[in-house]
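In the two complexes below, chain A is the common chain; its partner is chain B in one and chain C in the other.
Moving on to the complex of A and B:
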């Protein structure tokens, strides 16, 4: 009798196995996590390798700095290499303040407890709960606790490269060449290293991912004296994308686009692969937004090797920052229990005098007696 | 928030005061300068728009030794001095000027009377770079700058706000269009809208009505725009007459004045009990005290921060 055994087929020849990455379900690209499982779901699994991810900063840069830290922390947890080029402050300041990964075991045990508690509706125990928050089902996303910093020893285990663009560098070669210097430095780091995709896999060096982060890129500190900064920025992004396509890197660039005009921003968005914008609430009084810290707007999603990109269920997204999670949710309208919900046949003067809810306590001309 | 910034309770490396043609920010700038000197800083004053002696006299200081004046008002283009360089580039040495005067290890603070002339002669991005470097100078604890928003395009103001930690925008209370400048409306006062970004990234917004007294001390109280007056310009609407007229009733629903007085004199039984409790509570907590809480690992923390006072 023939035994039917289900054996795992060996991976197709030439498939690249890199830790910390996952193959996309939509288009077969290798993806890396952003460090925020909700954001990974919105992007279709993560950031594709070899692409440029633009994060348009919120006005006070609070959340964009946080997202940069999550991205770097995910790199440390996955064992990737890190590259940070900053003109604002020393990159070490950013690298010393990465959030600590929370252990997943505590959340799992509480879930199991909840399952056991269903004594009456036990038949529904195994059905998935309806969640509006996009929880990361992918195993490669991690949660981070922002109130504690990651151990320095963990960070130092990774291959760290940083570039602090100070006056010495920029004044030496001319202001415009801050961009050129950064590009040259990046290429030097990638050449002949494990981050380069070679034609023949020599097998000596294990391929790894390099996470390139450019925080506060194109802020006034990057720009030179001449007013045509946008051309330099555009040229830089074009070259960066070319470098990215040929290597195992995932770039995160944050730009304060609120400082630029619309057509300049459109040019910038044209040259990146993914673009999302954060709009943080400061002193927001709208009750719909009460529980959220801001809105997330998607301007462009990656489409590297296909005709159609991944489209999330909805584009109305809002985010909320908790100590251990950064949650992105679909916004839905709350139930309408406003005082001015009008009904047919109502007297207009009655509206002003008797504020009432839509569902009860209405004084109609005809009295309904129950 | 404004008082906290003035007293130094809230640290802010770069403070930007924005005024326009209707408000005057130099009084607030002087208030900042005065409080910085009171805190024992060596003050570097860069004067572009007022004569330095004028500025210093208004500070009402007993002792002038802590103030180093860099006078760019008297000889703007350097005709007398001879170097004849453009005014704006003089500010570029701001860092070196601050560093060279530094004798001891005391704190330094920088007050710039106005950025307008510098911004008109140089690119705003270069000015931003210089100011950013100044704010990151280890010895300088605070830099306060005055900016006239009506003299520059919005882009420039946005860039300066981007590099600053605190932005104080001065507005007038009444939002009516100013047709005549001679008439001063009763409701006119100055409001300061403060947007302060703390070191951990959190942003606070506050609107306060500001009054600056003659000795450069500041009084600020929280202010909320009255929605009615905002729409109608301060004219209050008459209240609508009560539709349910009580003239047709045979009994009296209201209390007379005497009856109201007697009602207020009446003591409810629950009031006595709560007052006793209050006295007890006051007795038990003697003087005030701070609680220093060191959380354990096992402590169950709430993930959210609704009051915005936790440090993350």
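Moving on to the complex of A and C:
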């Protein structure tokens, strides 16, 4: 039987071993990392292979570009193939600015130190050291330093394919030209390669994952001003899902959904498997969110091959960008403070929310006067 | 198959709904788990099932239904199940401009929608699948996808009408899924209302008004339209539901174990 979306096969019959992937604990799907360990844990381990991941861009696209770079950088570190199709900027610009992994050199040195003999617990000698971060095993999910760029040599080791959709390419006639051209190009790259799931394993080609990235997809450059744009987009995403289900690819599509009408966005979300939205804080921040850079909203979680899906503990998520980490945390809003006297650390918040009274003390909302 | 849902609706293996159209609609959520219920239900009753899936691959249904106790692969090999892979057909037509037959055992091409953007050909194929059989089930996943792909509302309404006539003439049942997020073009008749008009049963699934909860996943409303008999008042059955890996638990509103 030709399996199109991966599930865990029993250990006896030749399990599919692909580097950079992990079998999900919840439903046995093969997952790949997004490049951000905390996002992986929110999604239940990572992005399932054979699915389409939609990232709804923030208005200034700063963080969505960053997430795209993390995704590609993770592909390089895991040795996956990369495919980028872009209409706005040359994909090489994106590929030349990937962040450098931080933990790689440190894990290598720590493994060398671990050579001392363990006399009693010798069975644990070969297992990786326990990491207290959200990621877990060091081979899956890495941290990246955005201030340094990845070495070009590392990037070139990967199987890179890119497509820059400029005006020079003749797309042919008909309505959905640019979309159709891109899909045909992608399909050609996948056919008869190591990314295709074949019924008989040819033996010589080791199966690998292809990360397909479509940055700023469905931006005005893609669509032009045709009235039935949404149908072209929907058609493309539908066919992309068909391609994804039959190959070993993980797609990341970023769409500026703030440009579209709510119902069109709902339509788009139906055709992808996972959808998250980034809302960056711009301008004056609410002091409650002082350490975060934005909110992460989950619109859809993948439900493949089962009736139920993984759900994170809470949907109130906020993200923060540090130089070496992109952190996503469950946001805990402070409790509603009314009569209780000033608490440690909450004074600042109170000051900004309620103006100081004339006598210099912090004004408390005392409604009851005993 | 979800026993509790069958009990509430009055269905059983001996009392299959036939000759009817069943509409599953949802609002901002995904009610496709009910499709798996109908697949398992009818296969266990040894009826013939035609699954026209445009939203997910066959493997998805196979693995999800295996938790419910049916093996779709085996049913397909036996001939009890005909799976029309509209997903792959759509891809092939998009890329190559025409498509060869992917899953049906006949020479006819599944070149349905995108030639003339209407669903006539799809209807013909479905009709051919159920002729000469009694008590068949046709599952179409899902109807709103066609609206997104460019089929006009008018054509969709015609399609639903044709399917209704097919059900009544061939004694089969038609189950489809409709996502209510789609806002209709006001100048044409709304496809949701049209589906509601023809459907004898409607199962509407929504999230809870108070927000997400781990114990109660949402509200399920069963609307029955009895066309025979003199009963004029048909109350809607509103239940809270909780979906687990293998079953659907239905609770009267407010009686979840988390609350009591």
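Going forward, the second predicted complex is superposed on the first by the 280 of 370 C-alpha atoms of A that agree within 3 Å, B and C clash if a C-alpha of one lies under 4 Å from a C-alpha of the other, contacts with A are read in each partner's own complex, and residues count from 1 in each chain.
Everything that follows uses one rule, which is that a contact is a pair of C-beta atoms (placed from the backbone, for glycine too) under 8 Å apart; a residue touches a chain by one contact, two chains touch by 3 or more.
Worth saying up front: this structure is predicted, and the values here are computed from it rather than measured.
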Superposed partners chain B and chain C on chain A - clash or fit: fit
Partner chain in contact with A:220 - chain B first, chain C second, else both or neither: first
First, second, both or neither for A:263, with chain B first and chain C second: second
First (chain B), second (chain C), both or neither touched by A:61: first
Partner chain(s) touched by A:324 [first = chain B, second = chain C, both, neither]: first
Which of chain B and chain C A:149 touches, first, second, both or neither: neither
Contacts of A:102 with chain B and chain C, given as first, second, both or neither: neither
Chain B versus chain C as contact partner of A:229, first or second or both or neither: first
Per-pair minimum CA distance [chain C against chain B, superposed on A] in Å: 18
Doubly contacted residues of chain A, that is, touched by chain B and again by chain C: none
Contact set on chain A toward chain B in their complex: 59-62, 65-66, 88-89, 146-147, 167, 219-221, 223-227, 229, 256, 258-259, 280, 282-283, 322-325, 349, 353
Sites on chain A touched by chain C in the complex: 1, 3-5, 7, 180, 183-184, 187, 228, 230-231, 234-235, 238-239, 241-243, 245-246, 263, 266-267, 270-271, 303-308, 311, 315
Residue ranges of chain C touching chain A (in the complex, touch as defined): 28, 30, 33, 36, 54-60, 63-64, 67-68, 73, 87-88, 90-91, 94-95, 144-145, 148-150, 179, 181-183, 212, 214, 243-246
Residue ranges of chain B touching chain A (in the complex, touch as defined): 123-126, 128-129, 132-133, 136, 155, 158-159, 162-163, 195, 197, 201-203, 205, 243, 301, 303-305, 310-312
